[in-house]
Amino acid sequence: MATRIIRAGVIGATGYTGAELLRLLSGHPHVKLHALTSRTDAGIRVADVFPWLRGRTELRYVPPDADQIRECDVVFFSTPNGTAMEQAPPLIRDGVRVVDLSADFRLRDPREWEQWYGIGHAAPELLEEAAYGLPEMFRDRIRGARLVANPGCYPTAIILGFLPLLKSGLVRPTGLIADAKSGVSGAGRKAELGILYSEVGESFKAYGVPGHRHLPEIRQTLATVAPDPVEITFVPHLVPMVRGIHATLYAELLSDADVQQAFERAYADEPFVDVLPPGAHPETRGVRGTNVCRIAVHRPSGTRVVVLSVIDNLVKGAAGQAIQNMNLMFDLSETAGLDAIAVAP
Amino acid sequence: MATRIIRAGVIGATGYTGAELLRLLSGHPHVKLHALTSRTDAGIRVADVFPWLRGRTELRYVPPDADQIRECDVVFFSTPNGTAMEQAPPLIRDGVRVVDLSADFRLRDPREWEQWYGIGHAAPELLEEAAYGLPEMFRDRIRGARLVANPGCYPTAIILGFLPLLKSGLVRPTGLIADAKSGVSGAGRKAELGILYSEVGESFKAYGVPGHRHLPEIRQTLATVAPDPVEITFVPHLVPMVRGIHATLYAELLSDADVQQAFERAYADEPFVDVLPPGAHPETRGVRGTNVCRIAVHRPSGTRVVVLSVIDNLVKGAAGQAIQNMNLMFDLSETAGLDAIAVAP
Amino acid sequence: MATRIIRAGVIGATGYTGAELLRLLSGHPHVKLHALTSRTDAGIRVADVFPWLRGRTELRYVPPDADQIRECDVVFFSTPNGTAMEQAPPLIRDGVRVVDLSADFRLRDPREWEQWYGIGHAAPELLEEAAYGLPEMFRDRIRGARLVANPGCYPTAIILGFLPLLKSGLVRPTGLIADAKSGVSGAGRKAELGILYSEVGESFKAYGVPGHRHLPEIRQTLATVAPDPVEITFVPHLVPMVRGIHATLYAELLSDADVQQAFERAYADEPFVDVLPPGAHPETRGVRGTNVCRIAVHRPSGTRVVVLSVIDNLVKGAAGQAIQNMNLMFDLSETAGLDAIAVAP
Amino acid sequence: MATRIIRAGVIGATGYTGAELLRLLSGHPHVKLHALTSRTDAGIRVADVFPWLRGRTELRYVPPDADQIRECDVVFFSTPNGTAMEQAPPLIRDGVRVVDLSADFRLRDPREWEQWYGIGHAAPELLEEAAYGLPEMFRDRIRGARLVANPGCYPTAIILGFLPLLKSGLVRPTGLIADAKSGVSGAGRKAELGILYSEVGESFKAYGVPGHRHLPEIRQTLATVAPDPVEITFVPHLVPMVRGIHATLYAELLSDADVQQAFERAYADEPFVDVLPPGAHPETRGVRGTNVCRIAVHRPSGTRVVVLSVIDNLVKGAAGQAIQNMNLMFDLSETAGLDAIAVAP
């Protein structure tokens, strides 16, 4: 177990996942925040942007090309899609390890990336090397990785909910349905009409039903454990709350297996997946601020299995999982800095 | 078109559906509120319980057995389950027409009722006669009915969303999924821990996955239009908002039909069903306070069809639909008293 | 009482007060919407921007300089500050009557306007003529006015709460405190970080304590009824809800008067001010969607008087009051189109 | 600095302050949870009641009279008013130190207690001895205390906001106004209509204006630092959010002092009071889950001073402050177990 202090940098530390990285890294026993970048806020103290960090850090934002970034042991990208694929490669060549919280290195196929994100990929040679940062599936690859592609928030909740069923061949891999609901912070910290309080407060809606960018990532990852091609319908919804994802997953059982046991076995040794007893219904507030994915599995009737999977989109769905990956990469305790209890109610 | 004034009574006018009946009936051009009952609040002015009715009615609650009830032309029951089946029969015999907003007369089979509601049915002889109050399906039966069983809130949103698909045989009647989300007012106005602000605020969860009382009602109604037995999985969720239901419905197409057209045709003449153009996503706030069901239909990929159906649970899901039924029963314009525009944002 | 149909236009009908004008004007018995303008959305159907207007209007936005505007009997400006003072004067000269919902004509002194709004006033010659559109104070002036300056949302709630006390000389006109709380829709429909759901949800804060633009308007209006100079501290706060203003007002009684009676008398004949009985606490939800200002008055101890005053910021605080003013200007019933009951809960 | 492990008990650990005590004590480096009592839930695992404690404690509730309570070094009472005054005295005699989070020992005068709480005091002999648990005022008394009366949530925010002004004689001690706003969790976890989601969601109101039980506690405490009798008007409001208190405080300056400096000096050495720079507006979310009181001070005009003071009502307003007091009583670092960063947004 390493005891030296890891110097960490955060590129694009002005959004919600960036702020959450700062919160979690500030409390991490083996990390020292070394550099935070912001194109627009260079020179400004981070605690002036996020007052809840007052007294915790005196750091000021530096420009994205500042020397301090290259001095880091690990750099987190919490940037808009398209940035990390430009800026990460030189850092990696310099020996800095990178965890990318954007979508840049999640898809293996550069053409699929281009299709969903609308621009050509700038570093296709790294796509094969990048480890998909879901420790429950790829822990060993992550340990040795120079570059980790941190999963999207929806994919994390959905993949962890389907994984035990598909891996053990209990369900038909076609006809899967992921009806997912997210708090508004999942849409990021940007000035857009559609995520104003007055637009989403006291209301509920689906969005992106014709196609959402997280779909190919879910499909690609589930395909690695399914015997046959995976076919999945994914419908995201916007919930009038700040944090939390609740995925309600539907599949058809192929045999009369004990699904509860399948989940309990699959996650028996996982520090951040909590399988509830039969009949339970997890709440998003119960994981608020934590890196936990809490899951319940139901068999309401016939061959139908229903899985309820909740995470905090900013933690297990972003910054917390990124730190879990960093812990693995640097041979730290996997739970270091991630042991807070949910702030509920 | 009738122009005389209908005397209306409301039994159990202290809950949210009761209050919504009062709001809508107070503004109805052909109705006069004649009697409101409450066991606990007899003698109290209704405007003291619901201050937003100040200046609109001077009525005071009377006990449930007061004479004024029998003087009504129509009586609405917004009582807990088990009350209307006791109190409605004598009123009906006296010639009072009844719209029951509880579940008492929704299921045809008294044994199924007993199984889901835990007590024997007190008036099984009326189950066959009661019209199921969904005008889009049973308009003619409702017109002549002495007793209307007003549908549940979830069933209204879900049935209207599946109806065009099942009726025209476009989808497989098995493997249906209704992933439904409701505002908290759907749980009623009663002192219970689980619906406190501090329990459901800033959180999201499913509930009743093993079985919810609205399931048999949905199954029974959809069965009347499907060629084969209907098999449906229904998962309700609680949204941190007061009003609104959003049902996300999944089915498998049997052929490559134009589902958009199927919906537009099915509801072309319906005053309260609004089919959105292709690609749209309805919001619950857009129907707040109105009797409208707004629907969008999507075909994300393959044979999958996804229907998004929203209503205000207290209006089209309860009080508004009850008044729509009353309008039909008394040969009034079907939209009388129900033409408000949504209060949004 | 006029029965002809008034042709109404709305300049800048893409914000929340604009949308609320459309909702209320669409249901007004004596009004026909004739023209809506939008610089950015010209050609687009208004029901595509605000889907809850589907089926109610087929109107499309026209550019701000379209001929249809001049054909109107009345034009409402729901534009950013600085627009009406440019565009209203030629309309007024053409005989169109104008209700301006922005701040352009609220202050009498052009220098004070310049000081708070940062630009010189383009039509200072109209400032004296403009009637301040608070019917409870200036009903007669409004009736004959060519130009009405519709009050701000905070000023409406605050002035109506202080008025009976100042007018009758019951309180010291200095040391007044207005601690006001507003839903987020008061900040308008514009893409700004500070009013994102994720910024204001599950949180509460004051803003603008050093000085808020509504302060001079409050001071100027209260000064017209106070014997001595009025001195008032105004602190606005942001509440995690969409609609509603709650003003909590503090003053010091000069004598031991019956303040309850003072309020009841002052507003006995007012159709839109509802004085609650002693001991009550009004809720913002109780006026949601309505033009009502509901007030309670308390004397907790000593010489202190506390007034609680609630309105819907988009209705009595903006669009509803504008229509109340239009009703007066065109000799219609003052309550025409404004008789809805609050949608609560 | 003590390093031994403190055995802690919680009486009445089924409410929100109880749950928050469990969250914070579970993460405290020098504490071991030894016993939790519940009259109604004895035998049940606490993690079954509050699922976010799953994996953190295997404790089950014991009855209030269980032996384990007497084995504790410290016992926290998070019980309804009237319980601690019965059950604490024998524990204190046995050498257990007590922190009472209810109101039982907050008022010095047993007659005043009786007047506000409606029953005679069962342990008046302890009222003089009990230390009022506001460390910023009574740190030394708390250190040696056998019994600490933990302050109410409103009093904590309000007293800390007025303290520097009164202590230094900068403001007139009469005419003070505390306009305070609280999230709904402040009302506790009990089945009551008034705090249902559907009653308080999307709405705002004042309550208890004629008199609130926290008023005498505020008055008594401020009186200890003011030269003259303190006269204060206190108006609490209910905000549609779960956690957080925002107190907006008004006073009149006696001279032209530098109030910013007065606050900065007063709290320079306080670990849990954070004075913001001039012009700032603290948000409740910025202290969510933390023991911090964040304060800003403004001078909008004339002699008026406005103080904005925010806390998390369940932490600095209850459980966190109780642990801060325990830390002092057991000579631990005052911040032990209380160093989390706010979970925001």
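General remarks:
Think of it as A, B, C and D in the order they're written, each chain with its own count starting at 1.
FYI, a contact is a pair of C-beta atoms (placed from the backbone, for glycine too) under 8 Å apart; a residue touches a chain by one contact, two chains touch by 3 or more.
Predicted, not measured: the structure shown is a model, and the values here were computed from it.
Looking at the partners of chain A and chain D together, the chains they share are B, C.
More contacting C-beta pairs link the chains of A-B than the other of the two pairs A-C and A-B.
Annotation, chain C versus chain D: rotation angle of 180 degrees from the Cα superposition, expressed as a multiple of 5.
Ranked by distance of CA centroids from chain D, the top chain is B. Centre-to-centre, using mean CA coordinates, chain A is 40 Å away from chain B.
Separating the CA-averaged centres of chain A and chain C is a span of 45 Å. Looking at chain B, residues 16, 183, 185, 198-199, 201-202, 240-243, 282-283, 285-286, 288, 344-345 sit in touch with two or more other chains. If you check the complex, the residues on chain B that touch chain A are 175, 177, 179, 181, 183, 198-199, 201-207, 209-211, 231, 233-235, 237, 239-244, 246, 248, 250, 252, 279, 281-286, 288, 296, 298, 300-302, 304, 306, 308, 310, 344-345. The part of chain D that touches chain A in the complex is made up of residues 16, 19, 23, 26-27, 50-56, 185, 201-202, 242-243, 274, 276, 280, 282-283, 285-290, 294, 339-345. Chain contact summary for the complex, chain D toward chain B: residues 16, 183-185, 187, 189-193, 195-202, 240-242.
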